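Each chain gets a letter, A, B, C, D, E, F, G and H, in the order it is written, and its residues are counted from 1.
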Amino acid sequence: MKRVIETSHAIALAVKLARVKVIPMYPITPQTHIVERLAEFINNGTLDAKMIHVESEHSAISALQGALLSNVRAFTATSSQGLALMFEILQIISGMRLPAVMVIANRALSAPINIWNDHSDAFAVRDQGWMQIFAETAEEALDSVLMAYKLAESKEVQIPIMVNIDGYSLSHVYEPVDIPSQTLVDSFLPKFKLEDYLDINNPKTFGPIGFPDSYMYFKEAQHKAMKNAEKRIKEINREFKKKFKRSYGNGLVEEYKIEDAETVFVCLGSICGTAREAVDQLRVKGKKAGLLKLRYIRPWPSKSIRKALNKAEKIAVFDRAFSFGSEAPLYTELKATLQDKQINSYVVGLGGRDVTIEHFKKAYRMCSKNKNGWLY
Amino acid sequence: MKRVIETSHAIALAVKLARVKVIPMYPITPQTHIVERLAEFINNGTLDAKMIHVESEHSAISALQGALLSNVRAFTATSSQGLALMFEILQIISGMRLPAVMVIANRALSAPINIWNDHSDAFAVRDQGWMQIFAETAEEALDSVLMAYKLAESKEVQIPIMVNIDGYSLSHVYEPVDIPSQTLVDSFLPKFKLEDYLDINNPKTFGPIGFPDSYMYFKEAQHKAMKNAEKRIKEINREFKKKFKRSYGNGLVEEYKIEDAETVFVCLGSICGTAREAVDQLRVKGKKAGLLKLRYIRPWPSKSIRKALNKAEKIAVFDRAFSFGSEAPLYTELKATLQDKQINSYVVGLGGRDVTIEHFKKAYRMCSKNKNGWLY
Amino acid sequence: MGLPREEYIASGHRACAGCGEILTIRHVLKASGKNTIVVNATGCAEVVTTPYPQTAWKIPWVHSAFENIAAVASGIDKGLECRGIRDKINLLAIGGDGASFDIGFGSLSGAIERGHKFTYIATDNEAYMNTGIQRSGATPLFANTTTSPAGKKIHGKIEPKKPLPLIVAAHGVSYVATISIADLPDLYAKVKKALKAEVVSFLHAFCPCVPGWKYPSSKTIEIAKKATATGVFPLYEIENGILKFTRKPAKLEPVNNYLKMQGRFKHLSQSEIRQIQNYVKERYNFLLSVENSKCFDTLFK
Amino acid sequence: MGLPREEYIASGHRACAGCGEILTIRHVLKASGKNTIVVNATGCAEVVTTPYPQTAWKIPWVHSAFENIAAVASGIDKGLECRGIRDKINLLAIGGDGASFDIGFGSLSGAIERGHKFTYIATDNEAYMNTGIQRSGATPLFANTTTSPAGKKIHGKIEPKKPLPLIVAAHGVSYVATISIADLPDLYAKVKKALKAEVVSFLHAFCPCVPGWKYPSSKTIEIAKKATATGVFPLYEIENGILKFTRKPAKLEPVNNYLKMQGRFKHLSQSEIRQIQNYVKERYNFLLSVENSKCFDTLFK
Amino acid sequence: MIKEIVIYGRGGQGAVTSSYVLAKAFFYEGFYSQAFPSFGVERTGAPVEAYVRFSKKPINLRQHVYKADYAIVLDSSLIEAANVKEKLKRNASVFINSAKKRKYFGKDIKEITTDITSISLKIIGKPFVNISILGLFATTKLVTMESLRKAIYEMLPENLAKLNYAAAMEIYKNVVG
Amino acid sequence: MIKEIVIYGRGGQGAVTSSYVLAKAFFYEGFYSQAFPSFGVERTGAPVEAYVRFSKKPINLRQHVYKADYAIVLDSSLIEAANVKEKLKRNASVFINSAKKRKYFGKDIKEITTDITSISLKIIGKPFVNISILGLFATTKLVTMESLRKAIYEMLPENLAKLNYAAAMEIYKNVVG
Amino acid sequence: MNKKMKITKGAVIKEPGSTVKYKTGSWRTFRPVIDYEKCIRCGLCWSQCPDMAIEKKGNKFVINYDYCKGCGICAENCPVKAIKMVREEK
Amino acid sequence: MNKKMKITKGAVIKEPGSTVKYKTGSWRTFRPVIDYEKCIRCGLCWSQCPDMAIEKKGNKFVINYDYCKGCGICAENCPVKAIKMVREEK
């Protein structure tokens, strides 16, 4: 059924359709609409789940971990400072290989405090062993949550995952969303069942001390499992298409008018929409622009990127996060992936600065002169 | 005066020589020896400072911030989970441009819990707007703390800084250290005085809300200030040499037998010592190896790196941290800096796995075949 | 009224018309005076007063994060001590109920244990208002918030309000009190006492919130009055372990006089109102029962 | 002795010879039985029992971090509830004094407020032992630790011990008690009561530590006995707001009988011993004075 | 072609809800649509904005609205306070709630003014104008009153939907006749 | 050439302190030196190790010690429990605290055994062996008793330093004669 | 794309009370008007205004409409009902 | 460089009580020895051992020297002083 709803609402519906059982939650702008909607479902009796009104995000992520360890599907959402406060527990969850799913309504980091959208929260945690999707539309946000559960819980993966949506710029947008039926979702998403959990009939120990003789192997295994995920992401994307009649590129990346493009924009999340518009307008003027939308930054889809950008002459990367004293992080990774290409960096939209068609056009011009810049 | 002391002791002496006033502290292995030594100084009356026995690292870094805002020099130290728990406050401090100095006795991140050395803690916070030094020896650790205060407090910089020392592998090592006199240090390090602080006679507001119209400018300013630091680091290195009769490369990087080297090892921290040994042994066998020791990862010394590795044919980067689903972080940054070079990645010493001469020799061989690897 | 004339917070701030929290802070600052430093947690008060490049504050003020004001204040406390000017300065840590009852309570408890000197003010509007009225540990029984909605199955918040002043008093501090903008003389007297304490002192301030509690903006003071008149928010202080009411209504009004003024309670059934009445009465009676006896050990003197 | 035979923690763990903390946990588990899940904070108990690939635990056990056991337990509590097996399982959160008094207290306080059901056990060895004997909020007055050293100018810890059981009781929970390995029947009875509570129950366990307190490993039990005999660690419980001593020595021994057994107190001057004696007496008298009267409001029943 | 609408109101007045209702109505009308608020920290009483886009083709664009084709003003005092003029395209249409019989703009702007407050007070019993003013907008015939009705019922609890729709309809009829 | 020493003890016995004292002593002797513990989580009673490197040239090397030139064993029961043999170079020298008059190693290892505990008990009054056994090591003449004395006084509080040094000296004299 | 903005280092605001530059009077939909005939100069309105929008001028309390948001607290609580709330219209 | 180690996913340990593979008996420097002549089978030693190193076999309490660390608690508290601590020597 297609309805105009808020992206946050679409996500809440995805969580409901996934039959989530435990939802630890802590309020933070602009994530809050998601959990508010879930609280409504629960208090109205339309979702049979428990909400845990934790006293901090640190406890939200910890309670999420506890819920998973007790063998139920769980969910939480946060933003910015909340994600930052969870930091320590993120790698504890990934190190323990728990298939957590969390939505991040991306927002800038303090100081100064700023409640608007950029990607510094998501990028700040990119080494912590979580997979990370970025969704462009409300519908993709809903779909991504469903796919995220399936992916994270796949035996060969078992890695937690964050679904990123742009705070406000996507989270608070109403637009048409095709909401799948419960039956369809049930046919896609298996019942939750962990191999290892806290079971009085089969007592196991979780979170031991790993000495230097073992620790590094666990870390290599985490990395390998995440690399395995690339294949699984593609499979799930195909299966999703079969069942739900829609899909997203090859699952990892999505190409737009890229075949003959000379200059390719690379970006993440909701600004991809504006980028498409810019590509169209540039093409009207005879400029061969294209767009590579990255759906995942972890696993970093290096093969898909190389394939997609194989023929591109110039690449303009748009970063909405920054590594002070170094460079924009997407730019760095892209250069490292394509050591032989001209790549230019554009830092845009930090702290909710609007990203417009003009930004893409300007970047297009600068890129043709091999110039980088912060675009305001 | 030259004495055989523990690196942690050397750091505590540096803090004392810097006339630090407030020391919030929270215990965590392997950092603890530093603050224990400081507690001894204070309780014996040889250091006139206040220790704040905070209840968590989150409060340690917050109290550090408070102390600085009240216009006194301050210090804290942590490791691993402690640094992770501080995460949110790190960018709050850098965003507010407070010249904090903190020592990290580097240690692996949970899970599984592991108290031994690697660099995943330091690398996890590399985007948070703090400068980061890595010290190789006890003496360099002491010197780095002194230089760190001077650098962070420089008007044109005003950026917080972390001094990284390898947990256990350096923190718990006794070795000869030349301890400078108080007079000498006083001539090097000016009295502490902030331009902006909490002053009832000149009331100012700190940490306001930055709207989308201003936020991005603050972030660009942070980045620029950190880039300014490069010049300042070199100056301070030169001044240090004049006063203390020793210095470290150009301040940002240190070269060892690099002029004619065909294969150059790039690494950080205490394993540089073992790398030197390996270079010597390889050279005995007629293999032209060299070493580039990075002292700073933030600011990322791209110019110095390019200059130093200009003639290298092969580069072997040693990472002691990893970005799951992507690559080793130093490797990524190095590739992005030197897009035209053959660079190979060796992941070593995670979670206290010993890094030996054999590792360097093996990497040397693998590098000659353009092969990457995790070396156990 | 004999209140100091000087203001330490300026007009032009962005709080809702009728905000009880800003009014509370206005008076706390007037009581504390010029030589005051404020550490303020994230929350309404912080957001509405500091839209860069403007600030409403006329005294030195800092906001770091949501959960750490007690720790930041700890650093300032010791810094000022080192600078030899500690005695000249009133140091206030101001946090909302979310900051104080929930996310920042660990930090507050730690600061108390270490024996710091500052006054902590919990401005309690009984929910996370800055983020849009979510339930906190201070939200009262059955109140409707966006995360404890009055739904078909569950009718608002189902847990009792966390008894924060008593918990803080149990730490053994020398001064804890409740304050309300409905009683300014009481408020001023308590702020002054709190500032004299040599360790952490604690004030629990009742702060009606227009959109959060859903009442016409003109009713802010009246609601606060009713809270005390019905026993929902008794005015007392705990000095050196001894609890004393500073105002005691001759007879408590029925709690519904308070509830019915607010949209957040409009979903209540009669039985729920009765439950609240009993709940309030029990709490009130407990306080009465321990009044004047030493019911809290004092560790700090 | 009538104690259950089954052990839930195995030999071969790496605790110091004579460890009071492991012995405490051993008995708590025996009292709790087979159907127990443990959430354990970072600290000695965790480190010495789980050197991968070995574990000493025979029941399901998880360690996440240092500061979050109450939150992890909250998630498990609700997860078990959803699975319909909550009633079958005893859920224990076990943390050292560092975990419980300091870094994890915010998380515990939050879990209490939400009305979760689990038993929290603070194994108090009065310092951060796993990291090498640093001062915690539970370290007693004047004790020598590596961060509160007995120096020339400052003689050990200068702040009093945080009164955690009273603070937890002030939250309004239904069961709080102190336990000691020196009195196993008392310990077993209290663990069983704690497990029956419908909300968070809290046990404060006295755990002598050989290297931390600096005494010969054989003296673990004797020191625990002396702690109770001198009034340093009284055995009591607070049930529905009413405090009762479960053991009351006819006459308290001088506190020095306890202090002199331990290296951490060997630097004390006579005057400092007297101060400790007064301090202990005051605390003890306070407890006596509130015994049997309802001194804590109970919000959860 | 994408068309853009700005809605001006005050914190607490429901301008954001208006935008959502409108987006839903456009969707029922066969358009693609998008609605979003001005992402501010405004408190009760402060001027706020909300936006709607609609188009016959899927809408990818996600930048802010800079120059709108239509504006809806819930309170005429905002015209100055929020500088409505600045955000309007030439020849834009503006729908204003005002009891005053005056012109607010120059002649390059089309303006329709109605005393929405009075009508709302009469029909809803409260001065809720955010939904009823959409009846005024519906006079453009861009959305039918039927689509609007469906949207209102989807967004509001039934009792409120009924009253608000009735008010919108009254306003619509007043103008269309 | 860098030489390496391993010291074996039990948690609480002070093996780590021995290594520090030795490093200081080597430094006074004109060597560069380095000392560090085995970075474990061992508790009181568990076998622990500590290491010393010394060299006439600055020591860059920071890897663990895998094959030592010398071993010092604070408690003979550790020889088996800690598998001392495995970490020794061929022809290494081992200094053992034992009351037993027996050989612990084959002939490729040089071993010197003394009842350090008894001597320490006698002189220090406590079975502290970690410093006194260094007197036995000093019989190698790699460090003089004078350097050792300075190192001991630097590391321990004066009263303990005095007693420990006396014990070390007694042991040294017993062997050297 | 917008114009550059001048900023301070670390976002420090050095002008205390500078929100006075922002006139919240425009938020008002109702305007309090004091009837000085009735007013007994008790100052209650002054003390209860969350916007410091009532000033004591001489012995008179005067509303500063630049800042008054029209909350109505002053009118509600005036002991002699000397304040009326009047609808703003533009 | 060391040999590879087999690991479980997420470091889960599936063998409860497996520390028994590690014999802490080697930590001991003193050995408790029970004099069964004196022993009254009260079980106090069993209940007070932090290492579960005393087992009840039949109605006898037997020390398991594989695990006994020699702390001396049992000897210290035996009501009839039936346990002696004897120095270990190797």
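As a convention for this text, a contact is a pair of C-beta atoms (placed from the backbone, for glycine too) under 8 Å apart; a residue touches a chain by one contact, two chains touch by 3 or more.
Because the structure is a prediction, the values reported are computed rather than measured.
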| item | value |
| --- | --- |
| Steps needed, at fewest, to go from chain A to chain B via touching chains | 1 |
| Centroid-based (C-alpha) most distant chain relative to chain A | F |
| Separation of chain A from chain F, taking each centre as the mean of its C-alpha atoms, in whole Å | 56 |
| Whole-Å gap between the CA centroids of chain C and chain G | 24 |
| For chain E paired with chain H, centre-to-centre distance based on mean C-alpha positions, whole Å | 80 |
| Geometric centre distance via CA averages, chain C-chain B, whole Å | 42 |
| Multi-chain contact residues (two or more partners), chain A | 53, 55-56, 81, 85, 88, 92, 95-96, 110-113, 115-116, 203-211, 213-214, 218, 352-354, 356, 376 |
| Per-residue overlap in chain F, given as positions that touch at least 2 other chains | 41, 45-46 |
| Contacts with two or more other chains, residues of chain D listed in rising order | 14-19, 46-47, 50-53, 55, 57-59, 63-65, 67, 101-103, 105-107, 109-110, 113-114, 137, 210, 217 |
| Footprint of chain B on chain C - complex, ascending | 34-37, 39, 46-47, 50-53, 55, 57-65, 67-68, 70-83, 88-89, 106-107, 109-111, 113-114 |
| List of chain H residues in touch with chain A within their complex | 2, 4-5, 7, 9-14, 16 |
| Contact footprint of chain D on chain C as seen in their complex | 101-107, 109-110, 113-115, 137, 159-160, 162-163, 166-167, 169-172, 282-283, 286-287, 289-290, 294-295, 297, 299-300 |
| List of chain B residues in touch with chain D within their complex | 25-29, 32, 35-36, 39-40, 42-45, 51, 53, 55-56, 81, 85, 110-113 |
| Chain C residues touching chain A - in the complex, by the definition given at the top | 42, 46-47, 52, 63-67, 98, 101-103, 105, 128, 130-132, 134-135, 137, 146-155 |
